[in-house]
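Here subunit A shows up in two complexes: once beside subunit B, once beside subunit C.
Moving on to the complex of A and B:
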């Protein structure tokens, strides 16, 4: 057994944040779960236990089905577009461009903006009005003769969430690029050289040398983007407000808790969001921990 | 164990309220020393803010020693404010007085035991005589009165562009059938018949269609359980609503209520249904003259009915500056306070002894109608249904806007009424 002198100072120094973490993260997760098992439906707390009734109700809830569908559409469009665009930009920037630093900052800059600001700006850009009230990107399309591209954006029936994903891609693609670029740069030049010596084309080098080594980076990107998309709230509120066509679990949770004062059901929705994020994060954590142990 | 629970809960609520204030809500916060009164509302812009400021001026004249702390939280119809308020009340951090819609919305706070009984204040100030008999039951539970109403708005108003009507030979429709006839003409000319905005304005439209098709008594019956949501009559109203939606602009979901009114002002749409706060938007914000730039009529089928909503102020249990809060309520309920407030806000005073001459023409006619018409409450603005019930109706409406399935909509509305205990 180690002597207290060795581990004591470390523990003491981390203790405050450990305690805060225990209360404000895990304590609240537990408290939220406890409320999700109650019949609390008014302003004043009601802790009468009703088991998993709230969860069962949610399974047959029509609005919740729409939320899941919307959440999935958003997540798929957002992640695929971010990863592809991010990778493409990273590869382009890897070509030893002149003003690389400038381009890098320009692509990365949107990430520094809050989703609310992005949402407000894109609400104007994606104005769905037609004919003489046309504006935003649609107006641009008609000015340059691409009338066929004019569309309803986030108000497109059934696929509106894909429209909502556009601003999110705009904001996060640069960040994904930065991740990939860092990954590409960490690959030693000698490996590429070896490929070239063996007579591989640049395309084949990217396909068979660079891409496989970017797998851990891609995984991190998926986890980071995935948890953003599963909890998206502010972006949608800023673009579309509270409309059922563009509803996601986080907005449903907010409305249930604070507009309808149904805190039991709101907590149930919050637990659902936690689980959906956990499904993405926990395998990743296990994976990285195993890797660290192996290395 | 009990103690630990409540402590933990307090911590949650405080954390939540910190998060909320941090996201840019302009909370008054700060110290709560005596000699202050912290008043919570969602009046942060336009005529609403001007009205509140006018009321505060009256308050300052009468109580120069009390400092007024404005704890307003932005967001139309209190969408953000109510969330902040709920967390503050649960954390035991109640403001000294807060704004609430008279009616079912206020009952949520009353049944939660968060409001003080104001009956004695009513006796002291003689308010029982001057506050309308139609309004008092909406703020009374078990014979106790819980809030002080300051104004009354009308919800069932149809606004129109007089030039568009004249150019197309259309008169203001008295029923939805007349509206459909006029709307077909307008549609053929490429004019949007009815301008519509985001989802809450669609709920607003929905309640006026219910009122217009069912009639006042049957409409009121929806909320006390005497009219069935499953009835044939209700289905007729839903069918009409479905048809009305086909005459609206396709980008409704991306417009605020002001945007929708603007379509009427610009002549791109002929009609718009919105509460009479839109009058201030036409007259003040856009400098239009009634009958030239805009005109109005009761929403189709609702002539002779005044569908209303009313803002009121309360005394929360545990108000830190209780005496100052009562002083505030006295001013809010006084004739001078109500006149100062309502002229700016663009609503009619709750008191029936106001100085009519100082109000603009529209409000004078609204005062006459309030006195003579049949009365119905507004759903969207918290009179007829509790927050929980309203949220369920809102969800049912949202689903209906997606699938346009009247049968499903009706079933969902009936279920909502059942779970609300009607």
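Moving on to the complex of A and C:
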């Protein structure tokens, strides 16, 4: 055991950050939970305790049901598309082609841009107007003879969230590609060589040698994409504003709290969003730290 | 072998077009004169160049672009410096329990900020820093600490222990070791960290929209407001979108390698 004189300065140096995070992350999460148990419904605080009433109300709340459905559709479409496209792009770029750097830079470019800019631009690209008001990608489809692909995008009844997922995939697929590419490149060349010597085709090498090694990367990608999709907020605001058909818990929470000043209910929605993210993130953190310790 | 590789280019170019299509639309639309807005020609190149959209967009976004710079520069510098000190301690000057504290810190970078928003607004009102840029700087510094600490801890983990031990033998204390031995070799990590903070604070919307007022709006909030209105033409909106993304895109183009490293550490892989 080291002596306190040795480690104390380290603790003191990090103390301001640790105290700030203890208050602003954990303290505030606790405080938010406390608010979710109250009947605070106006600008001035009201901490009268009502137990889990807000949670019970939410379970039978029609708008919250729509939100959960929307959130699920978005998450599934966004994650599946990002993972498949990311993996495909990574394998394409792994072929040691000319201009690899250029392709990679362009695929990753959207990561430098905000969801707000992405939303503003795609709102125009996904203009759902038809006939003589037709524009955006729909117009492009008619110009290149793909009229059958013309659609309502994010205003498609019931499946509008899949339309919202399109710009999100545009933004995040390059990132998923970068993760997979880093994973593929970290596999020693000898392992692939061994496969080739055994007469395996390139496809079989990817299928049986490379893909199984990418499992840890795929897990990281799923967790990162998953927690982003559970929090999605600014992209929807920029594309569609606040409309019920494209509502998600994050927007509901924002409107309830800062437009309607129903802080008790807002805090309850916030707790729900935190819970949905935490059940993905906490096991992942524990798993990653354990792995680090073993290596 | 060669031939089968050549056949991959059509696929690569198809995706290149997919990723560049919105960029193309932004540029051609923003350069078209205001009258030239017929929907039918939105995909064609402009017949004549006109920068009037940019001056109109700048009229609306200029002040908020300056706000964004005033926000991002101090926040990125302070957060990365604090992250560097934390990372140093958690990698090379551990106190008992440091390995447990680390994941507890990291959790802070994944939380949905909605879950702390109401207490945060309440606290900032009480402290009298609600609605302005200094308050927003404080918030970004604090919630940037986890990722900053992660980037520097991973970087310092690869610094040989002998270097630290040698400094100790020479009689250097912790601060002496940090400032004279560790800080001078930290420049690559600082570039990665500052780029990450610069990009993510510049692009933030949630904190900005909740914690600032019209005179202190960062550019994301200002852009979203002109986009929501029916009065502002598409040409001007696209010029605004380009202005709002230019700083981070330029950083990406010039320092892409470091940007990528930051992205990778965000996935907890060093």
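Criterion: the second predicted complex is superposed on the first by the 294 of 295 C-alpha atoms of A that agree within 3 Å, B and C clash if a C-alpha of one lies under 4 Å from a C-alpha of the other, contacts with A are read in each partner's own complex, and residues count from 1 in each chain.
Going forward, contacts are C-beta pairs under 8 Å (C-beta built on N, C-alpha and C of every residue); 3 or more make two chains touch, one makes a residue touch a chain.
Quantities reported herein were computed from a predicted structural model and do not represent experimental measurements.
Visitor: In the overlaid three-chain picture, which partner chain does A:130 touch, first (subunit B) or second (subunit C), both, or neither?
Guide: first
Visitor: Quick one: classify A:277 as touching subunit B (first), subunit C (second), both or neither.
Guide: Only subunit C is touched by A:277; subunit B is not.
Visitor: Look at A:63 in the shared chain and tell me whether it touches subunit B only, subunit C only, both, or neither; answer first, second, both or neither.
Guide: Only subunit B is touched by A:63; subunit C is not.
Visitor: Counting only touches as set out at the top, which of subunit B and subunit C does A:45 meet: first, second, both, neither?
Guide: After superposing on A, A:45 lies in contact with both subunit B and subunit C.
Visitor: Subunit A residues in contact: does subunit B have more, or subunit C?
Guide: Touching more of subunit A: C.
Visitor: I'd like to know which partner A:194 touches here: subunit B for first, subunit C for second, both or neither.
Guide: Touch status of A:194: no partner.
Visitor: First (subunit B), second (subunit C), both or neither: which does A:244 touch?
Guide: After superposing on A, A:244 lies in contact with subunit B but is clear of subunit C.
Visitor: Between subunit B (first) and subunit C (second), which does A:258 come into contact with in this model arrangement: first, second, both, or neither?
Guide: both
Visitor: Applying the document's definition of touch, where does A:80 land relative to subunit B and subunit C: first, second, both, or neither?
Guide: Once the two structures are laid over each other on A, A:80 reaches no partner at all.
Visitor: Quick check on the superposed pair: does A:24 touch subunit B, subunit C, both, or neither? Answer first, second, both or neither.
Guide: both
Visitor: Share the list of subunit A residues that count as touching for subunit B in one structure and for subunit C in the other.
Guide: Dual-contact residues (subunit A): 24, 27-28, 31, 45, 123, 133, 241, 254, 257-258.
Visitor: Quick check: in the complex, which residue numbers of subunit A touch subunit B?
Guide: Going by the criterion above, the answer is residues 23-24, 27-28, 31, 41-45, 47, 62-63, 66, 123, 127-133, 152, 154-155, 240-245, 247, 254-262.
Visitor: Considering only the defined contacts, which subunit C positions touch subunit A in the complex?
Guide: Residues 5, 8-9, 11-12, 15-16, 18-23, 25-26, 29, 39-40, 42-43, 82, 85-86, 89-90, 93-96, 98-99, 101-103, 105-108, 110-112, 114-123, 142-143, 145-146, 149, 173-175, 178, 199, 202-206, 210, 220, 223-224, 227-228, 234, 237-238, 240-241, 244-245, 248-249, 251-253, 256, 259-260, 263-264, 266-269.
Visitor: What residues on subunit B touch subunit A, complex-wise?
Guide: Going by the criterion above, the answer is residues 5, 8-9, 11-12, 15, 79, 82-83, 86, 89-90, 108-109, 111-114, 190, 198-200, 249-251, 253-254, 268, 387-388, 390-392, 395, 397-399, 401-402, 412.
Visitor: Can you list the residues on subunit A that touch subunit C in the complex?
Guide: 1-2, 7-11, 13-14, 16-18, 20-21, 24-25, 27-29, 31-32, 35, 45, 89, 92-93, 95, 97, 103, 105-125, 133-136, 139-140, 143, 170, 174-175, 178-179, 182, 217, 220-221, 224, 227, 230-231, 233-234, 237-238, 241, 250, 253-254, 257-258, 263, 266-267, 269-271, 273-274, 277-278, 281-282, 285-286, 288-289, 293
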